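Next come two complexes, and both contain chain A; in the first it sits with chain B, in the second with chain C.
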Partner chain A sequence: MNLLEAPMRLAQKHLRGGRIGWVFVTPNLSVFGLFTFLPIVIDLIYAVTGGNQLFPAQRPYVGTANFQALLACRNYLDPNTCTRDLFWHGIYNTAEFVVLQVGFMVGLSLATALALNRPGRARGFFRAVFFYPVLLSPVVVALIWKWVLQRYGVLNAGLGALGLAPHDWLLNSSTAFFWSVFVSIWAHMGFYTLILLAGLQAIPRDVYEAAAMDATPPWRRFRRVTLPLLMPSLLVVLVLALIRAVQIFDEVYVLTGGGPGTSTTFLVQFIYQTGFAQQVREYGMAAAASLLLAAVLMALTVLQLRVTRPRK
Partner chain B sequence: MRSVLSGILLATAAAAWALPGAAHAATRDIRVQCYSDGNECPVTRDLATAFMKSHPDIKVTIDEVPYSAILQSLPVQLAAGKGPDIARVTLFGNYSQYFLDLRPYLKDAKFWETAFGPTLDWMRKGPADHGIYGLMTQLTVTAPLVDKTLFEQAKVPLPGPKATWDDWAKAVAKVAKATGTPAGMAWDRSGHRFAGPAISYGARYFDAKGNPAVVDAGFKAMAQRFYHWNLDGTVLKSTWAGQATGYKDAFNEFANGKIVMYYSGSWQLNRLLKLGNAFDWVIAANPCGPAACSGMPGGAAFVAFKETKHPHAVAAFLDFLAQPANYRTFAERTNNIPAELPLQKQALNYTMPAAGKAALAALLHDAATLSPIAYHLQGYRFAGAIFGATADRIGQAIAGSMTLDQAYQRITQDIATALATAKK
Partner chain C sequence: MSRLATMLTARRGRLARDWTDWASLAYLLLGVLVMFLPVVWLFASSLKTDQALNAFPPTLLPWQPAQVAVPGHAGTLPLMRVTAGRFAGERLAELRHIGLVAQLLDPARPGPVLHIPVRDLKPVLHLHASWSNFTDLVRRFNFLGYFWNSVLITTLATLITLLINSMAAFALSKYRFAGRDAVFGLMLATLMVPPTIVLVPNFLIAARLDLVNSLWGVIWPGVATPTGVFLLRQYMLTIPDDLIEAARMDNASEWRIYWRIVLPLSTPALGVLAIFSVMWRWNDFLWPMVVLNRSSAFTLPLALFSFQGDLQTQWHYLLAMTVLTLLPVTVIFLFLQRSITQGIASAGVK
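Take a look at the complex of A and B:
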């Protein structure tokens, strides 16, 4: 008789039907409620209140004023015409970042996984090489690359040794954005490569043997065999990368500080800045922006659940 | 007899057990959250040790934290009622709603009024407020730090004490070109640093009623200059344009010979002294404009918070630090300009080389030329909102994210939004 047997027998005796299931999920529900649902409710309270007081009871109710201020624009294509221009700069930059980063991330992860899946020497070594950046803290990643990319950094020193002119990589809008995308891919690609590699290794060998017997060319074999069978893993990677890209903040904030100007200011930086880094902290505005971000993330999560649902 | 002896032994044992407990219960713990520009926290810790010897019932713990924690974490701690008893802070408006009025707990409030009169106002909420909220540990003043060696190499004379910002811009650009230095000057990315030059060019920051009216002709005159200096390379562009928001200094650029002049302030003196003989540097007089030759005052203060459980102990510790002998020790060991008025008139025995002493003399001169507008702006409760909007929006204009005219509109709007939020 183990420790749990007696209380479980008691629960079974008094809770009939499906109600015993609640006993099993209660611990998880408590943690989830405390650390996920409760913060969402608190966030909602902040989003509909104003002022700069921290305690909800001291904050005046303002209804949807925070959302209205965030969404007020004369021309939605020009953030500078919006009441909260930095919010819209954040949205546009985040959208551009998501498209570029996720596109290249999934493509490069797939190419790397295919390369690492081939039999060859030092395969384990190269798998480790691609995975190690995932183990680094985002701040460390950003500091390493800042050291490389700054005006008097390693990259410009290398260019100088080759007789080429140095460049302010982080002071030009285009190059700063490019390096933000690049550094983010470098830091996270190993994780997605690992998922795809597992997916590749789960594909049965006999399918490839059948394709080989039919003398299927490599490209056709990839399109007709590998890609369809890898699709579930690929979709997981795509949706996880999308969610992570929408939440981008830490690495880029340390690398560029959101600059030059607002060219690498993303949505989460706007939330942080508005809620925690101004002299007059606008908790309500930050909460409203974070709810809008949560809506986007929820849509992506629903998408993930739909695409990963087993088909009949 | 046996029972009497047992009784005595029992009572003795009980007393021995109870006494340390009673002593412990009587000890009042106060925590001081402190940041250092140089060695301010270690010196405060030494003074706290001396204080505890004379006040064995009070235990003072100095928690040294980075300046960013004072700016970002402390307001949240205070709002949550979990702050320290005392903290060393700069932008007083950020914390003023949590200040403890020390006046009822001080033995001699009049001494504080006499010794610290002008700076006590900076911590007050308005003209009707007569509270004493903290001890100004030092005065700071913004000023140009100049690489004299580069000037000598370029054979360009240093601009004189009445030189304008335009004269300085020409001179440092000339030196930079002659010596192959990447840029003529850099200013800390801070609206506080920008304010002195703007006031010198006629910015008034407030209207006749005392309300913020930041963007005026004087402000624009300096903003346009600064904007163009950034674009033509006279000013190192990366400091202001390199990030979207927040503070950034350019000390490393100055220390590494990447700029000829660095507009920062007296708090850099200890870092300058640590450079040793790498190059010759001087602190120059604040450049002039048509309206003034002003920098900005500032400084740090130990302020008390009303959530403290031991207001008498907090007041006693700050009163101890304020006593002339202790205050002198702090100023001399930290190489700071004292805020205590009688001490300002005395010769302090600073332990620093000749260059440092000359720099302090220059800084005292700079402090004497500060405009009254600069003092008023520094004491304004929401000065942080003005400084933040100035640095962020002008920085964004320099980076090309918006035009300078759009930046002016945004500065006005950002300040109005901050004030409206604070009033709700």
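Take a look at the complex of A and C:
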């Protein structure tokens, strides 16, 4: 690292005051520029050009044709009447997924954090077990569950032992959707549990002791003391979970491949497939869909910044 | 057992025990089953042979039909236990069965062929851990290559991330220069642009820079993280400026101040970022899938994904490879459990 010292000394000689700061931010800023800001511009160019050439100069200008194709539906409640039905299936599936996954996951994370917040010596162990799946690769998560859920897997064997009929869990639309939600909750809830647990531990003990003096019943204690004091953490968790859920792809794609049919195809999978996995790669269509997704995410991120940085 | 029970129910509070304590303990135990059993099941299954994996209902331990060598016969024959009839209780080797009658031999004294109805026979099972699932991955499927790619990407990307993010954080927390707040705002704004949105353009840029199928193509786009800059900046703000002034008095260069004073003092925050970065990189999937399409450049998750397409019928290899992919993360977690969970809880970002 002393290799860098000589050029930095030289730079220091020529830059007065704090301007040396620019040298320190340059590497980070150039990576951002090249792989975040420039791509947004290119995204805009792709979205208004057609054809399947990769290099923007060779792509014909088509105006808003890509957006029009994506948004053309005879009946917006029925994805099958849309020109790009997969896009609309993606939108509807993603919306349903977001509501179910975020709702149940935040609820379960809260329950888990409350249970973990009680004094006891094995808490570290329990916390570790709930957190462990967060560290696993989505591909690993999906394969673990694929193995459990397969036709001759342990779940069906367990059901058989109870005298229940086996199911092809991932070959049926509604059960495949259920397991997509379940598996992604399984994989991520430990993270949100930790944040909520940290929030719970920041609540001063004497508040609870006062409640105990007054013989407040548990449910009331939760409603009137815990919940209001935990609200800031809960909001952070909610918004972070929303941002992640809208971008659901990895584990479900490996688990179900988006199927059966289109029942577990989500927006990001549409973008990936349209841009990279088809015979004819439609970069323009993929970029247009990305921009629509970006608009949603931008709104959610503004919400996040509001929630995480309360005004003084 | 009773000590375990005391341990699980021990509490230090003076508050009276009520039903919520029992409910929460029951919930946690159920949670452990749901969270951990699938992983245990994966580990147990990965030790089974292809044949044992096909048994239904499945068993937790790798039970395997026993084979026995019989003098005068090539290879091995399946060993059977006779459950009824004249030979009840004996263990015999099965030659073949014709219809409902099997032909068997006593493996120790191969005399005349015995004829016994199939319904009176049960295969003898023994425990057999199929370590060849793992060794075959190395011998037949370039596992070490994928592993090396993953290790290389994770290590290099994390080192670069730590270096350039801490440099930026240092400048943003310790200097006043025109445009500083704009730079900080710009970096925070990148929070709004998750990688999924710039997938297509990044592929173009990677292609332009000749980074497709190169490990650097995976590394570069993600090394500047808004999360990292923010985390480190907040931490560095707590380092007193007096220290830096004192170093300047001693004629230390700005780089030396960064490298010798601020960086060592930021170790806790750097540790949290390192954990995040390792986690992101080791598990990264979508971008590597887009930018790497030659199998020799695959990372572990990519190899695993392409395996599950190609080896649908060879679960024994697939499971072994899944285990090897999660093993490094698991080992690290076992050792650093406390600092990882506390670090993430304190940062509250991902």
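In this text, the second predicted complex is superposed on the first by the 273 of 312 C-alpha atoms of A that agree within 3 Å, B and C clash if a C-alpha of one lies under 4 Å from a C-alpha of the other, contacts with A are read in each partner's own complex, and residues count from 1 in each chain.
Everything that follows uses one rule, which is that a contact is a pair of C-beta atoms (placed from the backbone, for glycine too) under 8 Å apart; a residue touches a chain by one contact, two chains touch by 3 or more.
Quick caveat: nothing in here was measured; it's all calculated off a predicted structure.
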- Task: Examine A:279 and indicate which partner it touches, taking first as chain B and second as chain C; both and neither are also allowed.
- Result: first
- Message: Quick check on the superposed pair: does A:52 touch chain B, chain C, both, or neither? Answer first, second, both or neither.
- Response: first
- Query: If you count the residues of chain A that each partner touches, which comes out higher, chain B or chain C?
  - Reply: C
- Message: In the overlaid three-chain picture, which partner chain does A:265 touch, first (chain B) or second (chain C), both, or neither?
- Response: first
- Message: On the A-aligned overlay, A:250 touches which partner chain: chain B = first, chain C = second, or both, or neither?
- Response: second
- Task: Please write out, lowest number first, the residues of chain A touched by both chain B and chain C across the two complexes.
- Result: 54-55, 152, 276
- Within their complex, state which residues of chain C touch chain A. 7-13, 15, 18-21, 24-25, 27-28, 31-32, 34-36, 38-39, 41-42, 45, 54, 56-58, 163-165, 167-168, 170-172, 174-180, 183, 186-188, 190-194, 196-205, 207, 220-224, 229, 253-256, 258-259, 279, 282-283, 285-286, 289-290, 300-301, 304-305, 308, 315, 318-319, 322, 325-326, 329-330, 333, 337-338, 340-341, 344-346, 348-350
- Message: Could you list, by residue number, the parts of chain B that touch chain A in their complex?
- Response: 71-72, 75-76, 79-80, 91, 93-94, 182, 237-238, 241-246, 248, 258, 382, 384-385, 388, 395-396, 398-402, 406, 410, 417-419, 421-422, 424
- Note on the structure: Per the touch rule, the chain A residues reaching chain B in their complex are 50-55, 59-60, 62, 80, 85-86, 89, 151-152, 168, 170-171, 173, 256-265, 269, 273, 276-282
- Message: Show me the residue ranges of chain A that touch chain C in the complex, using the header's touch definition.
- Response: 1, 4-5, 8-9, 12, 17-25, 27-29, 31-32, 34-43, 46, 54-56, 111-112, 114-116, 118-122, 124, 126-133, 135-140, 143-148, 152-154, 157, 160-161, 186, 190-191, 194-195, 197-198, 208-209, 212, 218, 236, 240, 243-244, 247, 249-250, 254, 268, 271-272, 275-276, 283, 286-287, 290-291, 293-294, 297-298, 301-302, 304-305
